[in-house]
Amino acid sequence: MIELGENQYGKSRVRLMKVERGAPQHRVFEWNVEVWLTGDFTSCFLDGDNGLILPTETMKNTVYSLARGSSAKNIEEFALELIAHFLTTQPQIDGAGVRIRSINWSPIRTSAKTHARAFIQTGPEIATVTATQSRSAAAKIISGLDQLTILKTAKSAFSHFKKDKLTTLKETEDRLLGTAMTANWTHTRASSDFDTIRAGVRDALLVTFAEHDSKSVQQTLYAMGKAALESAPEICCIHLSMPNKHCNLVDLSPFGQDNPNHIFVPTDEPHGSIQAAVRRGE
Amino acid sequence: MIELGENQYGKSRVRLMKVERGAPQHRVFEWNVEVWLTGDFTSCFLDGDNGLILPTETMKNTVYSLARGSSAKNIEEFALELIAHFLTTQPQIDGAGVRIRSINWSPIRTSAKTHARAFIQTGPEIATVTATQSRSAAAKIISGLDQLTILKTAKSAFSHFKKDKLTTLKETEDRLLGTAMTANWTHTRASSDFDTIRAGVRDALLVTFAEHDSKSVQQTLYAMGKAALESAPEICCIHLSMPNKHCNLVDLSPFGQDNPNHIFVPTDEPHGSIQAAVRRGE
Amino acid sequence: MIELGENQYGKSRVRLMKVERGAPQHRVFEWNVEVWLTGDFTSCFLDGDNGLILPTETMKNTVYSLARGSSAKNIEEFALELIAHFLTTQPQIDGAGVRIRSINWSPIRTSAKTHARAFIQTGPEIATVTATQSRSAAAKIISGLDQLTILKTAKSAFSHFKKDKLTTLKETEDRLLGTAMTANWTHTRASSDFDTIRAGVRDALLVTFAEHDSKSVQQTLYAMGKAALESAPEICCIHLSMPNKHCNLVDLSPFGQDNPNHIFVPTDEPHGSIQAAVRRGE
Amino acid sequence: MIELGENQYGKSRVRLMKVERGAPQHRVFEWNVEVWLTGDFTSCFLDGDNGLILPTETMKNTVYSLARGSSAKNIEEFALELIAHFLTTQPQIDGAGVRIRSINWSPIRTSAKTHARAFIQTGPEIATVTATQSRSAAAKIISGLDQLTILKTAKSAFSHFKKDKLTTLKETEDRLLGTAMTANWTHTRASSDFDTIRAGVRDALLVTFAEHDSKSVQQTLYAMGKAALESAPEICCIHLSMPNKHCNLVDLSPFGQDNPNHIFVPTDEPHGSIQAAVRRGE
C-alpha cells in the first residue's frame, strides 16, 4: 500500500523592503521571507480536493499586509507575528514555519556627513531566523547569521594529526585560517531582546575567532560556540558550520624565491567542512 | 555546563573527471564528491588534540586513489566503496557519509556521426546520491535527481481552493505548470541495479507529470511519487520537492489585445514550494 | 568643460514565455530580452527634462504586446521586429538595439511516447542574438550561442611552446580539451533563414571540434571558425571565445598508482582564455 | 578567402592573496587577476606552430612570482608591473592587458578592540582596474568599482516623461532609487596616486547620489559623473552604468490598507539600465 508521508507547502523568496520614515533619519529593512504550513492535506494530495489549501499567493499577500501594520523591530518578531497570524486564521493547519534572511543596509557615510536617507548594502553577511510552531507546543526560534566571511593571519596551526598511506598534507604551525561561517542559535524563550542577543553572540564569535590560539578548526569552533553561549543565557545551543576557505601557500622555489607566508592561492574547491553543535548540558 | 553536541567533518566539492577509454567509444564521468566522518572527536574540539583527525586533504586524495582502481559503474556504488574504505581503515570513526552529484556528458551527435571521443554537457538535470553508514547499521542509500526542469502547457488547473480576506488569486482551469524538481528515493538494499532503478523512477516521474490531469501541484506530486514507487519495488520511499516555476499570464487588455494563454512572464521569485514524501505503508 | 559622452538606456531581463498551441503539438519559447535606445538625450541628463524619455517600463510592455501578434519564427526575426517598432514609433531616437537569450525547451520523451504538451529544459547551451540599427544604416545582426560546453578525450596536444624561466607546464601529446564556448557570427543580410544558418554553423563547429587533430586551442578554434564560415555563405565573420575548462591529471604516484589519462580534476579557476575572429578576407 | 581577425589569449581567474606582515598590524589583499597578450600569432592559429605561444600557465606563475617581490601599493600599480614584465620579456608580443578585481578585507572590530591579524570580508563592492598597453603607445589605465549597491529613500522623482499607447507607468514625485553601480574612470597619466583618486571619486559619487534632487536616473548619473571629474583632475572621463534596482510599491488597497511609500517589493528582473560617459570636452 502506498501512502502520503511528511509534507509541507508554502511560498519562498517573498522579498520585502520596508522603509521607516523617521525625521530626519530613515531606516530600510530588506527581508527575504519563506512561509510554510503543515497539517493534514491528504485529501488534496490524493483526491485533488483543494478546499483546505490556502494559496501560496495569499501567503505572499499576508507578508506584505502584516508588514504594513507590524511593530516588529527585528526578523524574529516578524516571523513570530506571521506564524501567529496563520495559526489564528487557518484552523485547518497544524503548524506554520517562517524563515527570513535579512540583507543589511547602512546609511551612507561620506566626507560630507552620514546621510539620513541614502543607504549602502553591506555584506556578504546575512542575518537569519527560522521559527516554527505547532498547535501543541511553544514556538521554536533559531536565529542565525550566514556568510560571515572571516580570515586570520596568525595563531592558527594544524599538526600532530592522524596519517594514513594516502596522507600528503604537511604539518604547519602557522597557516591562514578562513571561513564563510554559518551560525544558528536556539532561543529558550519566545520573548527576548533578540537584537541584543544577536549583537552579543556575534561579538563573542568574532572576538574568539580573532584571538584564539588555534590548533584546529574544530578547537576554534568549540571555543567560539562556548563564548557565544556564555554571552547569552537566553540561548541553549549554537550550531556552527565552518567551511574552510583554504589559502594555499604558493611554492615559489622553482623560481628561486622564498615565500614565508606572504603569497597564497585562495580556493573555493575542494574545501574542508567542519560543523558542530555546542550546548548547555545537564 | 557547556558541552559538545552533534558534529561531523569532511571534505566538500572534490571534483573528479574519470575517462573510460574503450575502443572505440570513450565514456566520461564528472562527479562532485563530498565525504564526511563522524565519531567521538571530543578531545579535538575541547583540547586541540588532533591525534584522531584524519585530514580532509586525505579524504580528497582517497577519492582520486579509489577512483583509479574502482569498478563502480555508478555514483551509488562509488559512494558505498568510499564509505567501506573509511570504515575499514579508520577505527577511530563511528560512521561515514558520501554525497555525489553527477554532471551528465553525452557523446556529441552531428550530421557526420556520433563522435566516440567528444562530448557535450547536458543539463541542468543532475543525478545525485547520499549514502551514510554507521558501524552498527546497514548503509542507507538515497538516490536522487536535482534540477529536473519541466513544464506542461495543458492539463493543469488550480481552483476551488480556500480563500481568506487576503486572497487575490483567481481560479483557473488551464495554467502552465512548471518546476525545477528535486527527487530522492530510498533503497531498501545496499546491492541493487541502481542504474535500472534510476531509469525507471525517472521515466515514471516524467510520464506522470506529462499525462496527469492536475488539479494542484500536490495532487500531481503524489501521483508522480506513487508511479515511481510502483516502478521500483527496491525502493521504499520517495521524497519530491516541486518549487513552482510560475509563468504569469500577461494582461494585454490595456493594449486592446487578448491573451488566450499565449504570452507569459516566467518568474523565479516569489515561488510556491510543495514538498512531500510518498512511501509504502504497512 | 565637462560634457555628456556616449550613452544609452533601456530595459534588461525582460522574460517572455510564448506558447504556440498547435494541435496536437505545442511549442514553447523562453526568451530573455534586453532593449536599448540611443539618441540625443542631453536635455534629460543635464536638465532633468524627461520629455524625450520613453520609460523602460514601456519597453517591457512593448516586448509582450509585440510578442502577442508576432509571426517571428526565431529570436533574430523578433529582435528585428522590436527594433523596427521603436524606430517607427519613436522619432526622438537615433538607434535601437535588442539582445535575446533563448533557453531551450524540448518535448519530454519517455518510454510511453513523445509528449505533445510537456517539456524539459535542456542546456546549458543558449541561443543568442544581438541586433542593432541606427537610422542611417542597415541593421547589424550577430547571432550566437553561449555556454556550449564540450570536451574531447583524444586528439589534443600542446607542445613545442615558448618557455621562459617562469614556465613549469609540461609538454603533452594527449590531454583533455574542454571549453564552455561562446560563438558569435555576423550576418550580411537582414533577411535570411536564420534557423538553417544556425543549425549549419553549430554542426560545423561541433564536427570540427570533435574531429580536429589539435596542436593547440588556437589551431582548433581557427579550424572551427573556418568550417563555420564555409557552412554559411550568408555570414561574413565569426568570433569564438574558448575558455579552457582545464582537467588536470592527478598525480597518483605518491600512492603507488599509475594514471594513464584516466583520473582528472576539473577546475574552473584559473583558466586559459583564447578568443579570435575568423572572417572572409578580400 | 578566409583569414584570422582580431585575437588575444591569456589567463583568467588567477586568484592571489597577499599578506603584509607588519608589526603589529597585518594587511591582506585578495585580487582576482586576468592577463592577456596580443601580437601576430597567425602561425599558431593556422599551422599549429606553438613556438610563439607562452603558456597561460606561465602567466599564472608570473602573477605569483611578481607579487612576491612587488612593491605595488594598489591594483593599478600591480597591473602596470605585470604589463611591463610581459612587454620586456616577451619580444613576440605587441601588447598586453591586465584586469584585476579586488575583494575588500577589513580588520575585525569588536567590543574588545580592532584586531590586528583577523579580518572580515566586506562588499559587495569591488575595486577594479583594466590596464592595457601596446608597444607603440602609452598604457591606458581604467580604474573602477563594481557592485556599489546603493539606495535612496527621498529626493527621487520620475515624471513628465514621453508616453505612447503602450505606456502604463504612473508618474511619481517620490520613489525609491536603487542601483548596483559600475563606474570606470580613465587616467591621463600612468603614474598617479591611484588610491587618493579612487577615494575622491568614490566619495564624490556617493555624496552626489545621496544629496541630488533627482528627476531621473539619467540626471543623477550625469551629476555624479560631473562631481567625480571635478574631484580628480587626473582623470579625463568616467563611465557610469546604473541598472535600476526597482522597488515596486505594493498595492495594499485590496486589503483596506494604505501604503504611503512604506512597503515595497525589491525586484531584480526586469530592470532599467542607464549608462553614459561623462568627460572633459574641449
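The first chain written gets the first letter, and so on, giving A, B, C and D; residue counts start at 1 in each chain.
Going forward, a residue touches a chain if its C-beta (ideal position, glycine included) is under 8 Å from a C-beta of that chain, and two chains touch if they have at least 3 such contacts.
What you see is a predicted model, and the numbers here were worked out from it, not measured in a lab.
Student: What is the chain whose Cα centroid lies farthest from the Cα centroid of chain C?
Tutor: It is A.
Student: Can you give the whole-Å distance between the Cα centres of chain B and chain D?
Tutor: Once rounded, the distance between the two centres reads 37 Å.
Student: Take the average of all CA coordinates in chain B, do the same for chain C, and state the distance between these two points in whole angstrom.
Tutor: Taking the mean C-alpha position of each chain, the two centres sit 29 Å apart.
Student: Could you tell me the distance, in whole angstrom, between the mean C-alpha positions of chain A and chain B?
Tutor: About 24 Å separates the centre of chain A from that of chain B.
Student: By the touch rule stated above, which residues of chain A touch at least two different other chains?
Tutor: 15, 61, 65, 166, 168, 255
Student: Indicate which of the five shapes (line, ring, star, complete, other) describes how the chains touch one another.
Tutor: Graph shape, chains as nodes and touching pairs as edges: complete.
Student: Considering the complex alone, what residue numbers of chain A touch chain B?
Tutor: Of all residues in chain A, those touching chain B are 1-15, 34, 36, 41, 44-58, 60-62, 65, 89-90, 92, 158-164, 166-169, 214-219, 221-222, 225-226, 229-230, 237, 239, 243-244, 268-282.
Student: Residue numbers of chain C touching chain A in their complex, please.
Tutor: It comes out as residues 165-166, 168, 254-255.
Student: Going by the contact rule set out above, which residues of chain C touch chain B in the complex?
Tutor: Within the complex, chain C contacts chain B at residues 15-21, 26, 28, 30, 61, 64-65, 67-69, 105, 108, 110-112, 115, 117-125, 148-155, 176, 203, 206-207, 209-211, 247, 250, 252, 255, 257, 259, 261-267.
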